[in-house]
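These are the structures in question, set out in turn.
Next come two complexes built around chain A: one with chain B, the other with chain C.
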Partner chain A sequence: MQKSTVLIVSFLLLLTTCLVASGKEYVLVCHKECPVDQLTHREVERIFLGKMRKWPDGSGIEIVVNSNEEVHALFTRDMLNKSPSQFSNYWRRILFSGKNILPVNVKSDVDAQSYLLEHTNALSYINVTNLNSTVKKILVVE
Partner chain B sequence: MNFSTSSIRSKIWLCVLIALIGFLVATMSSFYANIKQYQNLSQLQKEYYPLASLGLQLMNTLELQTEGYEDAFMIGEQSLAVEANEIKGKILALIDNILNFVRNSSSCPLREKDIMAIRQEYLTFATLAEKIYSHPGIENLSRDKQKEIRELGLMQGALMQGFKSISDQLDNSLIGQIEKTKKKSLSTMVLLGSLFITAFLLVGLIVDRVASRLLVTPLSRIRDNIKRFSLGQNTIQPPAIEDSDEIGHLAMAFWEMTEDLKITTVSKRYVDNIIRNMSGALIVLKPDMTIQTVSQQTVELFSYTEEELLGLHMDVLFSHGDDDEISADKIASIVVDGAVKTLEATCRTREGHVFPAHFSGSSMYNEAGELQGIICVFNDITELKNAEKKLTEMAHYDTLTGLANRNLFFQSLDHAILDAKRHNRILALLYLDLDKFKPINDRWSHDIGDLVLQEIGKRLEELTRADDTVARMGGDEFIVLLNSLNEAGDAERIAEKIIGKIAEPIQINKYSHILGVSVGISIFPANGDSMEDLIVQADMAMYQAKKNGGSCLFNAKNLNYS
Partner chain C sequence: MLKKEKCRIGMQRLIFSACLLCMLASHSSLWALDLTESFQIHGFTSQGYLNSSKNNFLSDSRGGTFEFTDVGLNANLSLHEELRIGGQLFYRNLGNYSEDQISIDWAMIDYQPFDFFGLKIGKVKMPIGLYNENRDSDFLQPMIFLPQSIYDETRRDTYLAYLGAGMYGNFTMGSSGDCSYHLFLGETDFPSDSVQLASLEDSAISQIIRNNTLPPNKQDPALPEFFDSVERKSDTLYGGALLYDSAVIRGLRLGASFLHAEFKTYVNDSAVQSGETTIHGKFVLSAEYSWRNLVFVSEYNETDRTATMFGKVSLDGPTQAWYGMINYTPFESWTFSVLYDEFYLLKHDKDGLSRLQGPPYTAWRKDFGIGVRWEINDFWVAKAEYHWIDGAAMKMAHFNPDGLARYWSYGAARISFAF
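Let's look at the complex of A and B:
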């Protein structure tokens, strides 16, 4: 278990370095009709840890985990202060305790955007370079 | 109770026994309470405490199992799941333990039904968990699988809650049992405390009653008798007694003593009564002659109060007249001689009034022969003295006129003749016989006659000197002794004066009475040197004067013996 953790961590570190080096950044996105334009850092954290489950209008939030290697680790580190595996374990523990099931998982920015198109309450993150008009960008403020 | 409670020993033992019984009751009840307490604590230790720990154990074991499943699920290690599976039997055994207790206990708050339900719930959970976690599959959980796991998680949470509730209830049951025991022991404590106090008071009361009845009452009866005795009252015969009753014996002995004393001695009260009522004034002196005791009579006689007299030197009671037979030496001699009897003394009251008294005294010795005091008795003899004086007067003086009578006159004349012989002096006798006195007596009365005689006596005394003696010889005869005349002729001059004075009218009750007197004169030594001669000569001369017509004198030298 320790070995694999070390491997993952070193891999992620390498990945982060690559991302920063290539100047890639993530952006928080949602359905175009989503009533929210901006969220605080804290709100984002709470939403992706399953603690805040509803938009201000009362509709449920559906988080979509984008495991695109370009942004996923960046996002979990930046927003949730967790490694991707910590994040994953966090959710497995939630599942184990019966509090919730795991969030939707997509493999790429494209999948994420197409999922967002179909789900008005969904929230995800993609590489900023792949941002297009099909989804709405949500501003993260401090 | 009466069979053996008469002696003091048994009375005290009875009191001690009562106290001991009280003590025994208190000890026994406290012993009983302690045993009860012990039993309660034992029950707590044996039943409730293990049960409470059973609840905790149950929870911990379930936690252990779920942790095992969690680890298996998190890392995907199948062996961990197998380990966790094995815990199932342990949990079921624990639940069965609790179930057993619940079945057997009447006071347990848990219901068998609930335990059975939760057992069933656990079985469902365990079976499902075994199925799911045996092949945890770490990646790509299907949504259905996720839902199953979630259900299992919820079930596990509910189970934990259920177990916790059981554990809490068992804890509460233990706490409740402890509370119950605490309350019980507190109420036992209160009960015991009040029992102790009640027993203490009760025993105290009973002992007090018993002691009062058996000891105090008989003793106070003796005390009452002692009081009566000291006051000189009759003592009361105590009730009949048993042989072993020491107090009764004491009471009886005391009563018998008082009865004996009544016969053999006299009480102070009796003596006081005698002293108070005796006629003489009694004074008891200390050996130093100060007053120790006085009778009521003494107080009255000397006008002192009793308090003033006590401690005074007895000398203040004496006036010490010239002819007293009493003196300090005389009183002191009582001590030596033992007694003095009826000595005449002049006494002085507080106000200074002096009176004659008879004094008797005798010394008083104790058994050891030491002088204890002097008992003095004073008898007021004023009356006696007066009577004595009256007797003397009656012997020497004429009761009607107060002049000397014949007896005194003869004594005086005898003295005077001896005196005159010694000093060669001249005496004269004037023999007087009233003229015309009998008619007054006859015409008026003897009372008037007596008044006349008194007036005559008075006039005669006025006319003579102190040295001279005027005497009434009887009836209407008087005699005058003229002492120490310068010359014989003086006698005739005095006789003339007398005749003149007597002739003056005597005023009695508005009436004047006129008398005369015939005087016969004899001169010593010219007419004789003996008393008899002188009187006879004067008498004869008086007859001559009467013959001569009365109201005149006749001198014995002119008597013609032919």
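Let's look at the complex of A and C:
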């Protein structure tokens, strides 16, 4: 009786974890012709903090902040070690001190993918479940 | 100015601020005025209340004042991915300081062909310490006032921005992290209502009066008989900053910045300079560490300077300043801060024993402060803080002509809107 209870609880926990993971996992995406296939974690961090502004071929990187709640917080915490609020204030400090303009901001995965379709150098992140063949997935390595 | 008239103007400003806050609040998106992908307009406004006990702080604050308003509006145009022009207008009302003035906060051409190399030409925020470049955007800081020992509001005009050229960039150090640098050369401008200028005026007047009271055969003929005006001109100014972001210890930032500056003083529109202030070297060492929902910050500063007026040395030697601050964010929108801040006018005379221009306690200022910041949403921020102070250094005499108290305190509250 106890064994079966443990098994059921374990199964439910595993199921919940899988559902949460599949629903909230993000993937880094760019235009199909963007010049990279993979980036290191540090490179992603430097790009989204405005420190690395060029692809290896010398063309400029255009970052696209996707404020879709399903992935935004997960992305900023996981990749940039910042909460969404810290990330927003980081860029506003840059803006109001005259160092740069704010990155492009979109509200959904659909908007992000639409933007990437028209901008060869743009880079964003979307929910993995919404990934389709119009954009290229970028692998993040350590 | 009559008290009634002053009150009326104060009320007008308050209504103006309230209207501006409401007007800006009608925008519903943080990125609302991104007119195109390459042209953006953003801005902010803050309305505060300042109250102090025993001493006035930056304004006539002892009875409480709403004359504590900031408004900023900036526009940026990216002509190319490597080339941008932009500028920010800034209005501040803080008592008689920066009153009714709209000034250019920064305005520049920015060209960055490589990550490791860029050029800025124009009026550019000076990179001193971790926070000087953001000193006008208090809504982005945990507390209303930055630690005054290093970010002294009365010296804002000296350290806000340089007019000239700067070279900057960012480079990776592999798995160790990355470094950014900013070197600059130029000058600064002093608005007519600068506290620094008012302080020079006080110094010139007192020396002229003292000279006039002497017997004729003992008077210094180099001094004018009367005072009419004072002007300060920036001569040489250069400096730089280095900032290291660690990848080994995530959340750790270390910084070092340096400044050298020379300013000349002219009394009564004289072609010959009457005085000079030389900042031989100002350096700030900085450390910031973010760990979970805590941020620890500490900075150390010394400013070695010599000031003369009519051939007499009024100040000579290095200041010493440091602070430690902890910011705790238990929830996403709430931050609680605690600060300890120390400043000494002369590093080698911390007790003020050689001080002639005032009581010994005008040689230091020790500040213990607590604050709370509430980020209401993406646009609105409310803050409040209270400080207990020992000492009256940093131009306090300018706001307290009737005398200074050693132990005093001040509190401030502010609401800001930014888009």
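Simple rule for what comes next: the second predicted complex is superposed on the first by the 119 of 142 C-alpha atoms of A that agree within 3 Å, B and C clash if a C-alpha of one lies under 4 Å from a C-alpha of the other, contacts with A are read in each partner's own complex, and residues count from 1 in each chain.
Here is the rule we go by: a residue touches a chain if its C-beta (ideal position, glycine included) is under 8 Å from a C-beta of that chain, and two chains touch if they have at least 3 such contacts.
Since the structure is predicted, the reported quantities are computational estimates derived from the model, not experimental observations.
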Chain B and chain C placed together on chain A: clash or fit? clash
Touching A:132 in the superposition: chain B (first), chain C (second), both, neither? neither
Handout entry: Touched partner set for A:60, first chain B, second chain C, both or neither
Key = second
Name the contact category of A:98: first (chain B only), second (chain C only), both, or neither. both
Between chain B and chain C, more residues of chain A are touched by C
### Task
May I ask you to decide whether A:83 touches chain B, chain C, both, or neither, giving the answer as first, second, both or neither?
second
Among 151-159, 295-303 or 529-537, chain B clashes with chain C only at 151-159
The intersection of the chain A residues contacting chain B with those contacting chain C is 89, 92-93, 95-102
The residues of chain A that touch chain C in their complex are 42, 46, 51-54, 60, 62, 81, 83-85, 88-89, 92-93, 95-102, 104-105
Contacts from chain C onto chain A in the complex sit at residues 30-31, 34, 37-38, 40, 42, 44, 72, 74, 76, 78, 81-82, 84, 86-88, 105-106, 108, 110, 112, 114-115, 124-125, 133-134, 136-137, 140, 170, 172, 175, 178, 180, 247, 250-251, 290, 332-333, 375, 378, 418
Residue positions on chain A within touch of chain B in the complex are 1, 89, 92-93, 95-102
Seen from chain B, its contact residues with chain A in the complex are 69-70, 73-75, 141, 143, 146-147, 149-157
